[in-house]
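In the two complexes that follow, chain A is the common piece, with chain B as its partner first and chain C second.
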Partner chain A sequence: MDYYLGIDIGSVSSDFVLIDDEHNVISKLYLKTQGQPIKAIKDGLRLLRDEMPEEADITGVGSTGSGRDLAGVMVGADIVKNEITAHAVATLEKVSDVSTILEIGGQDSKIIIIRDGIVTDFAMNTVCAAGTGSFLDRQAARLDVPIEQFGEMALRSTTKVRIAGRCAVFAESDMIHKQQMGYEPEDIINGLCEALVRNYLNNVGKGKEILPKVVFQGGVAANVGIKHAFEEALKCDVYVPEHHEVMGAIGAAILAQEEAERKGYTDFRGFDLVDMDFKTKSFDCDGCANQCEVVQIMADKQVVARWGDRCGKWHNALLKRQRRDKDKAMA
Partner chain B sequence: MKIGIAKGLLYYIYYPLWRTFFEKLGCEIIVSDDTNKNILDRGIKDFADDACLPLKLFRGHILELASKSDVIFVPRLVSVAKHEYICPKFCGLPEMIKNSIAHLPPIIDETLNMHKNGSMEEMRGFFMSVGRHITNDKSAISEAYSEAVKAQRGYDALLRSGFLPIDLLGDRQDKAFREIKSARDYSQAIGIIGHPYVIYDNYLSMGLIDKVRQAGYGVITPENVADDVIDEEADKLPKHMFYTFGKNIYASAMHMIRSKSVKGVIYMSAFGCGVDAFITELVQRRGRRLDNIPIMILNIDEHTGQAGVDTRVEAFLDMIKWRDQHEGDVPAYR
Partner chain C sequence: MKVTFPHIGNTYIGVKAVFDALGVEVVVPPLCTSRTLELGTRYAPEMACLPLKVTLGNYIESIERGADTIAITGSCGPCRFGYYGVVQQEILNDLGYDAEILILDPPQDGDFKPLFSRLAKLGGPNVTAGKAIKAGYLGFKIIKEADELDRMILKVRPREIDKGQTDAIWGKYRADVIKAFGPYEILKVIRRAKDEVRAIKIDKTFQPLKIGLVGEIYTLIEPFVNLNVEQKLGNLGVEVNRSIDLSGWVIDNIFLGLLGLSSEKRIKKAAKPYLDLCVGGHGRECIGNTVLYSRKGYDGVIQLMPFGCMPEIVAETILPQVSKDENIPVMTLILDEMTGEAGYQTRLEAFVDLLKRKREKERAKKHYGLLLGH
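Up next, the complex of A and B:
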């Protein structure tokens, strides 16, 4: 049986999916990255290996997310794709009549506008993380509410509380202010959900024509409070797909299938890579005044990737060597 | 005499004019290096916090020149067109430089102000004052000025024909004519708009132009659009836009969209630019009204990592390809 692996390494979570050649999700994993992507990738693959049916074979791998380059090198990805394209590909596959994708992840949020099955516009948040998952995480911790219960609590709110949503710092001081005035936590949490949605629509969604069918995905889509706030603000149903938290990984897997079929083989290193020793080392290049910090990824003491050099000197030298070695191996 | 010219701000627009003028007067030109981390770091250190990034960077370039030149050319560019201005920070540029750097060589800070008539006479007057810092021979100055204007016209003509400042300035020129194709030679193009000192500075822009070209698209910028086309588009606004570069950016974007000569528009803006704060909004709103050609705004600042820009550009180009495959039409750019 041919399976395709999709890996989405985000700032907060690392997601893995296995799909078959008809794009059915065979298994999925949602792990916390916890600032250690290398460990997360190894852990994920170890778990997947144990779950894989005996006769299964990985015939294509794709990576996406902000850690996509690292993941791509570690596993030997056939395709390394940005998360916007990956999300759009997966959503179009699973919800073919989608017109708007709202995606809120750990550190960024995006909106993707789709018309007649093609992406026609998109936007990502700027440097500010006010409307993202990490902000919610932080506020949940401050209020001592498990993040999983955040949404449920918001739905129990009875009184409207307006929280400033333009900036995470203002929102936090506003919440403290409202809390000291004696509002119930449910109401404050609901106010926060509404503020986040307002901020998202004003910032990321600014000037975009949001038409139904609206799909809401990413880790934050698990939060029913936010989903409800979106429905109120947009005055239409908001649909959360079944595998909403791993849509990026599904997209990467679908793209990997296309690429592997085009190439006729996969670059996947195999599950043995979980026992390999991956390390990141860096050095300052003194070739010019830019003094780029060149990052090297080492696999069992061998350099497998380099980046960070603006001129491409180190990067290209490695590519050249790898190409030569490959030619030698072929001959 | 060694004249220092900083590779920043309007260098990308006027370098041929300045270089020819000083060379004809027998000066040696010292141009600062391409922007690098060191230049940027030095420029930012101990400088006015609220200055925009390109201004801070300019200061870094002046610091590079300080030890290498006898005189540094930091003109006070107030206006280069009738009833228009350049960003107000340019008016105070010589003072900002002089008062933030100790032990500077003398500075040529003559004022160019063409606000009243926008005439070449005003330009000539400026160069006559600049030339007097070098020589008292008025006819030599006048001759150098004429040659300089000729050189600039040649440069402008190349820009209008599709080349970009980064192709023509510095050591890339020969290569440009040989290899780097002008936008016309690509079947499809992307518009890259923004202030010239942002989009043509490869360090600040993180090689945006090269990235788009490597992906197989030609690049059209405001500098490729003819003056009369810019004026025609700008006149469609209810009010005259009085910032020259803001006007160029806005009007050229409208032209690219209206004429469907680009598949998409990328607007790169430096954090803290007051003009961009207005123009990015105007370009997005009016651009959408004209056509559904995608427009993306990229904000850069000193701390921005390459990854954020790369992700957005990659996704933008993916989208353009995607749209294109489904349109199935002939390339719009001719």
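Up next, the complex of A and C:
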């Protein structure tokens, strides 16, 4: 069987998805990145390898997320794609009549506007984390409520509590103030969900035409309280797809399939890479006044990628060498 | 006297040539680096806009290299730029530096005397009017040629066959030009780079996407501040056009402006249905240029601005309507102290993907229409 692997390395979670050639999800993993993407990528692949059926064969790999370049180099990705496009590709595949995608992840949130099957506009949060998952995580910890129960509790709220949502710091002090006035935790949590939604719509969704069908995805889409708050604010149904938390990875896998079929082969390093030693090193280039910090990715002491040189001197030299080696290997 | 000035794009190349020609000792501030930003943000008020901070960093790095006089332009428009010189002078004084900032702003009341006396102070006793005009002419010619080189690079980069050649030439040119002395040597470096760019083999059949850059002039022109947006887009296979460059600004504001002929009229006319008054900075130009880019057949427009820039915020809220009316996708990028480029790169890549799909779709539609005989 031919399988395609999609990897989404975000700041908070690292997601892995295996799909077959008809884009059915065969297995998925949702791990915490914990600031160590190299470790997360290796752990993810190790778990996938153990889960994979015997006859399965990885014939294409794609990476996305803020760690996509690193992941791409480590696994030998056929395509490295930004998360906006990856999310849109996956959602269009699973919900073909989508017009608006709301995506809320750990550190960032985005809105993608789709008309007639193509992306026509998008935005990502810029300066504030109040509309993201890590903000909810933190408040859940404060209230000593497991984040998984957050949404259910919000739905049990009976009294409206307005919490300022413009800024994470304001929201927190506002919330404490409301708690001290004696509101029930359910009401406070519901107020937080509404504040997050309000902030998202004012900030990320500013100036965008939000039309149904609205699809809500990303880790936070598991929270029924937020989903409900979106439905209230937008006055329409909000649809959460089955694999909402790994949509970026699914998109990367679909794109990997397209690319691998076009090329006729895959660059996937194979699962042996989990035993390789990956390290990031850097040096300051003194070639000119820019003094770029050049980052090098080492795999078992061999340089496999270079970034950060503005003039391209270092990474182009490496690309040239890699191309030459590849030609030699082919000949 | 040792003169210095702030970095903004190619300015240093022309300004250095002028002072070299006049025999005035000049300290070119080191090209902006994270240290420049670090110094600027440490000593500037937190809520000041980014250009104030970065230029303050330039001054301090120049003072460390012996500069005692800082020449800057001024403005009496409604944007905060008009206060830069005065505020920065206070900050430098508080830090214990005795460098003097000379603000060269056009007179508001028609009295040119203060401006001329400041210019005379910069030139010193040996500079005659004739010498100054000749040096000014050479300086302008150099900036014009440097801008031409930039535009050539923007066209060649997406089309080059061997990827990375343009960047290599650009990197070497930037290192060489800052070391050259006097107008003629500087011109030689620029022309050599032009020849090298011309020699790059390009794919003539490739039709790159075209993106116009609009927004606040400093973030548009200074590559350190806009995180090399032109280079990033070029390497994504996009031909970039910058709506404002230095030589264009000089022509419009100094030469043609005096004659009332500037191209600003065309831009103002294009902006008129949306914004019919000056909101400071380049807010109105931002709107007008977006309209003009759409009419010239560009695929998309990117607006650049420093965080909190009032004129550009006004423009930003109007742009969605322009985008809709003119059928051209527009993305706004806000620049601030962050030097982490991952989020920035993500937005650029996603925007390019969006434009690619839009073009494919429109072409398919056209093709289909032809098939049906429309």
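Basically, the second predicted complex is superposed on the first by the 331 of 331 C-alpha atoms of A that agree within 3 Å, B and C clash if a C-alpha of one lies under 4 Å from a C-alpha of the other, contacts with A are read in each partner's own complex, and residues count from 1 in each chain.
We take it that contacts are C-beta pairs under 8 Å (C-beta built on N, C-alpha and C of every residue); 3 or more make two chains touch, one makes a residue touch a chain.
Computed from a predicted structure; not experimentally measured.
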If chain A is used to align the two complexes, do chain B and chain C fit next to each other or clash?
clash
Quick one: classify A:176 as touching chain B (first), chain C (second), both or neither.
neither
Would you check which partner chain A:287 touches, where first means chain B only, second means chain C only, and both and neither mean what they say?
second
When the two structures are overlaid on chain A, which partner does A:66 contact: first (chain B), second (chain C), both, or neither?
both
Of the partners chain B and chain C, which touch A:85 in the superposed model: first, second, both, neither?
both
So in the superposed three-chain picture, is A:316 touching just chain B, just chain C, both, or none of them (first/second/both/neither)?
second
What's your read, chain B or chain C touching more residues of chain A?
C
Between chain B and chain C, whom does A:167 touch in the aligned arrangement: first, second, both, or neither?
neither
Residues of chain A that sit at the chain B interface in one complex and at the chain C interface in the other, please.
66, 81-85, 116, 118-122, 124, 126-127, 207, 288-291, 310
Can you tell me which positions in chain A touch chain C when the two form their complex?
66, 81-85, 108, 116, 118-122, 124, 126-127, 207-208, 287-291, 310-313, 315-316, 319
Considering the complex alone, what residue numbers of chain C touch chain A?
30-31, 33, 163-164, 167-168, 170-172, 174-175, 178, 228, 231, 307, 317, 320, 329, 334, 336, 342-343, 345-347, 349-351, 353-354, 357-358, 361
Given the complex with chain A, which residues does chain B contribute to the contact?
33, 36-39, 203, 207, 284-285, 288, 292, 294, 296, 299, 301, 304, 307-308, 310-312, 314-316, 318-319, 322-323, 326
In their shared complex, at which residues does chain A touch chain B?
66, 81-85, 116-124, 126-127, 207, 288-292, 310
